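Both complexes below contain chain A, partnered by chain B and then by chain C.
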Partner chain A sequence: MDTTQTLSPTRQRQRRAQWRRQALTLALLAVGLVAPFVAYPVFLMKVLCFALFACAFNLLLGYAGLLSFGHAAFLATGGYVTGYLLASYPGLTPELGILTGTAAAVALGALFGVLSIRRQGIYFAMVTLALAQLMFFVFVQSPFTGGEDGLHGVPRGELFGLISLNSNLAMYYFVFAVFLIGFAIIQRAVHSPFGQVLKAIRENEPRAVSLGYNVDAYKLLAFVLSAGLAGLAGSTKTLVFQLASLTDAHWHMSGEVILMTLLGGVGTLFGPLVGAGLVVSLQHLLAQSPLGNWVSVILGLIFVVCVLSFRSGIVGEILKSYRKNFK
Partner chain B sequence: MNELVFFINNVVVAGSVTGSIYAIGAVGVTLIFSIMRFAHFAHADMMTFGALMVLVLTTAFPEVGGAVGLPTAVVMLPLAMALTALLAVGIDKGFYKPLRAHGVKPIVMVIGSLGVALILQGLIRLFAGTRAQSLYIAERKEIFRLELPFESVTRPIIVTEPQVILFILTLAAVIGLHLFLNRTRTGKAMRAMSDNPDLARASGINTSRIVTITWIIAGGLAAVAGTLLSLDVAFKPDLSFFLLLPIFAAAIVGGVGHPYGAIAGGFVVGFAETLAVFNWAVLLRPLQQHFPDWLELPRNLAFVGTEYKIVVPFFILVAILVWRPTGIFKGKVI
Partner chain C sequence: MTMIFGVPLAVFMGQLLLGLINGAFYALLSLGLAVIFGLLKIVNFAHGAQYMLGAFVALLGSRYLGLDYWLALLLVPLVVGGFGMLIERLLLRRIAHLDHLYGLLLTFGLALIFEGALINLFGVSGASYPIPEALQGGVNLGFMFLPIYRGWVLVAALAVCLFTWFMIERTRLGAYLRAGTENPALMQAFGVNVPLLITLTYGFGVALAAFAGVLAAPLYPVSPTMGSSLLIVVFAVVVIGGMGSILGAVLTGLAMGLIEGLTKVYYPEAANTVIFLVMILVLLLRPAGLFGKEA
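Take a look at the complex of A and B:
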């Protein structure tokens, strides 16, 4: 007897969704493995780093319903800590540098989370923004960040002390692996009971409280997880470009990650990936064209258009029309 | 007594200047919040826009001020206010109004205003470059030195011309706002709508007109605040970066939705900034003889270094949101 007939319709749908997700992930994997032979690896690495950053942000906005306005702080903390360690201790291997950077972002995330998690909506956004601005000035003034100049010439080193990362291809596969690990963590978190509780909190917080969930603890965990993954993205980015600068800590970066997530689709797994790819490509194209000075204006316009008529984002709209036409 | 003059110059004058600018900005933020229920992240960029308009007009007609006896920038201010108000109403009609009609969540409006902020900032940088420019083009900044009639005082209290103008304009704005909110029909309708929009609509108040008027007031005040700041120091395209969080801090400290609270909040934040970086050793030094011998005054006794001045409002913002989000005057909680 065919097993699908014995399953309930809901279960069947879940099966199908799972199958689709796996197929998409496999396709993504295949594309990722072939990509460096088609496109410029450094550009792809930039996309992957920002995609991880946007996915981390989306975990918070899309699944816990918390708009953090200060995620640049985590990206920059990861980047600066990794950059500083690798530049000043030549014996350190890159993976240890990245892990330390991520740990620093986790610690900062825990601190920010404890301070901000009890506020909602705009107030939450504002606390995180203010804290991130504080960090910006800490980075400007601290001696270890190189101030306005930033950190330069961070060595890529040898992975596990064995594989040299100086070739862009080797670096690319390392970044791709880091991205996959981060993405897998997010996917696992979203589809776990933990993720379901987060969604419940997003939809109806008082109800989640009355069901006996410790809402603050769940939100804090989501915040710390998101901060850590943002730090991971920042650390990896520092390794790729061999520099860490104040751009990463500026509030524009926090705005850009909101745009990436919004453009791709808030609360969809692949949306931030698409959004990050588009925004990074756009910046890349604009930087070379005569419209180079218009980047901020154009990004703002996309923002406005997205908010005005396109609120579920590209992936969100595709999913919507798919559901309408095939169900 | 010279120490007291030093205190007045560095804290009282400087604090009032910063406080006035924050207060005028925060009033706009708080009015927009109380009528439309969202935090307007592009407000600081509207301030910069207003200042830019003054700069453009002053550059075009640098001699006008001389004929009236005021700095040209001040003469051009009403025109810049009108232009900024027009911009604010235009943005609302084109963008915020359709969003409100969709009934989106306040957080989506905030994200939208972030886009507006990026556009404005980008445009301002395109047209004004990145360097600082003085609004005094054809004339010079006058500096008034008030000698105090005491024998022990040798140093004067220093106030510059733009600072005097700033105090006068702030006072005028506060009194004007007070009269408008309490004496006019429109002002009363505005307060009604801030208390309960549905009830206001049901009792026949034209709420879309109130929204437009709110944007006109907020835009006009934003132009004033931006211009006053640029007059006092200089016009910079990235002004908004240093204004946004302080004015939000001021609005929240004063209790969001309270215009008077926002004014008080502006001065609280302004004075907190100057008090935090003030070198208290100067004031304490005359009392040195009364201290026990083991207590030596350090040369510099400020709470934070001058380079961290800008961080003070961020601290206030975080502290007030964490421990008392209603502000000192019991504002609304979003």
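Take a look at the complex of A and C:
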């Protein structure tokens, strides 16, 4: 196996990066498999759902450079559709419920994507925020969401009609599998030619246009993909907690996912995972402490600190120092 | 009784007036956003929180210091505007050289802090601020009953909008501001203190929000969350009108308030959402906004 010697230095570096990624993914897989025996499975499932949500968001911000301030709408759409279907049709299996919820988020993503990519930069953020607020009011007023009360007692059911998800351990492994599928889709998309074009658009949109790329089509596809995965996260979360509520549709949620991504590292594969883990843990810890009511203030402070002096995020900083020391 | 499309005239006019007043707030807030955006190129997500702070400072001032409404109308914008200048000087300036999305994120964090802190200190339910004595009561206009305070809000908001337009379009300081919007580097080369201009501009935008907050205090319950939901609607208004022109921002704000009022009369279920629907329509038909000149 002397192939490495015939490869160019660039190609060699790419190879090494690929190996590193694979090693990290394997380590992650191992940690994920033993985790429920070490930590509380419901907490882990929450982390995984939000990690998938943040990864989906990061696909849009980190790779296409589009800051969406309305991702809560997709999370909530997935959750509500799945919750409503599973609660109303007892014969429906959970995987079908999740798929339908995801499909609904994809459809909504296509609609919002077409509208919001008509404006750029700061306006894009405002349009997505306004559209998500529109959905919030729709959810408040529609009969099927249960309004202010939300949906409760959504049955977890039996996966493929065979495996009962009522035990938290079984549920955990299902959520872990869903997360891995979503993560794999994102990783594949980012390292494909499609992902390269997205990065080119992020770096210099007019140039990408002049190179002949149909920039709007790429942006729309990225938007729909991100919305769909956010919907998948929402659907799965509804199944875990057996409820869907307006909290998921509120603009605070859109802000939280931005914070997770920013804290972990925008544009890094593992950053959103780290960020989601930290933010969820923090909320969990604060909820039990006397500071419980100050969560939103503390999140706001982290936001400010991140923007002022920690813009690469945790994973981004680690990558930076690694590159400095080992290259 | 005169009817308009099956609605009594008095009810119709009453809702129209309510809509117009909401529109005046949209106009004041989107004007402040536009002024800040013009020079700093950031969208001030803390604008809603600063509006809320305006109302709160007025409320606390009257409760603990006996600050009267008229003095509050003058002092509160100065205090909150000064606080805004501090924010610009200490925080926003450090990230001015970066992508302007960071400004949005930073001010979003600030909004979370202000809102969260006040919720902890005062709860979400909200308090009421009395209408000043001179503006209590109402007049019967024949076709409708006009509460004097509401009439005053409309007049005051429009006067401030007009004043802002005059300041920016007709004074020397305004000329600097417009030139700074076009080309800050050249302005600096001509010896104008651009950083100071930026600080003052941000302070002025924040003061506008605080002024709107004081005006709103006797009308709506003063609560920590009063700003955030309003701000999202104002964002939609800004997308509809574009942030390029002052007159555009004011007209769009008023028009959206009127449309909202009319919807309340004929199809109340959609009153919350109609502005967002208008935004969708504008995005489809005129993506740059009604008064926008985006490439």
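Criterion: the second predicted complex is superposed on the first by the 326 of 327 C-alpha atoms of A that agree within 3 Å, B and C clash if a C-alpha of one lies under 4 Å from a C-alpha of the other, contacts with A are read in each partner's own complex, and residues count from 1 in each chain.
Note that a contact is a pair of C-beta atoms (placed from the backbone, for glycine too) under 8 Å apart; a residue touches a chain by one contact, two chains touch by 3 or more.
What you see is a predicted model; the values in this text were computed from it and never measured.
Peer 1: Label the relationship between chain B and chain C on chain A in the superposed model as either fit or clash.
Peer 2: They clash: once the shared chain is superposed, the two partners overlap in space.
Peer 1: Identify the partner contact of A:125: answer first if only chain B is touched, second if only chain C is, both if each is, neither if none is.
Peer 2: In the superposed model, A:125 contacts both chain B and chain C.
Peer 1: So, A:107: does it touch chain B (first), chain C (second), both, or neither?
Peer 2: neither
Peer 1: With the two complexes superposed on chain A, say which partner A:92 touches: chain B (first), chain C (second), both, or neither.
Peer 2: A:92: touches no partner chain.
Peer 1: If you stack the two complexes on chain A, which partner ends up touching A:286: first (chain B), second (chain C), both, or neither?
Peer 2: In the superposed model, A:286 contacts neither chain B nor chain C.
Peer 1: Once the structures are superposed on A, label A:28 by its partner contacts, choosing first (chain B), second (chain C), both or neither.
Peer 2: Neither partner.
Peer 1: Of the partners chain B and chain C, which touch A:200 in the superposed model: first, second, both, neither?
Peer 2: Touch status of A:200: no partner.
Peer 1: So chain A touches chain B in one structure and chain C in the other; where do those two contact lists coincide?
Peer 2: 67, 115-116, 118-123, 125-127, 129-131, 133-134, 137, 141, 251-252, 255, 258, 262, 293-297, 299-304, 306-308, 311
Peer 1: Hey, which residues of chain B end up touching chain A in the complex?
Peer 2: 38-39, 95, 98-99, 104-108, 110-112, 114-123, 125-126, 241, 245, 248-249, 252, 307-308, 310-311, 314-315, 317-318, 321-322, 325, 333-334
Peer 1: Can you check the complex and tell me which residues of chain A touch chain B?
Peer 2: Residues 67, 115-116, 118-123, 125-127, 129-131, 133-134, 137, 141, 251-252, 255, 258-259, 262, 293-304, 306-308, 311 of chain A touch chain B in their complex.
Peer 1: Could you please specify the touching residues of chain C with respect to chain A in the complex?
Peer 2: 37, 42-43, 91, 94-95, 98, 100-102, 104-106, 108-113, 115-117, 119-120, 228-229, 232-233, 235-236, 238-239, 269, 272-273, 276-277, 279-280, 283-284, 287, 294
Peer 1: Would you mind writing out the residues of chain A in touch with chain C in their complex?
Peer 2: Residue positions touching the partner: 67, 115-116, 118-123, 125-127, 129-131, 133-134, 137-138, 141, 251-252, 255, 258, 262, 293-297, 299-304, 306-308, 311.
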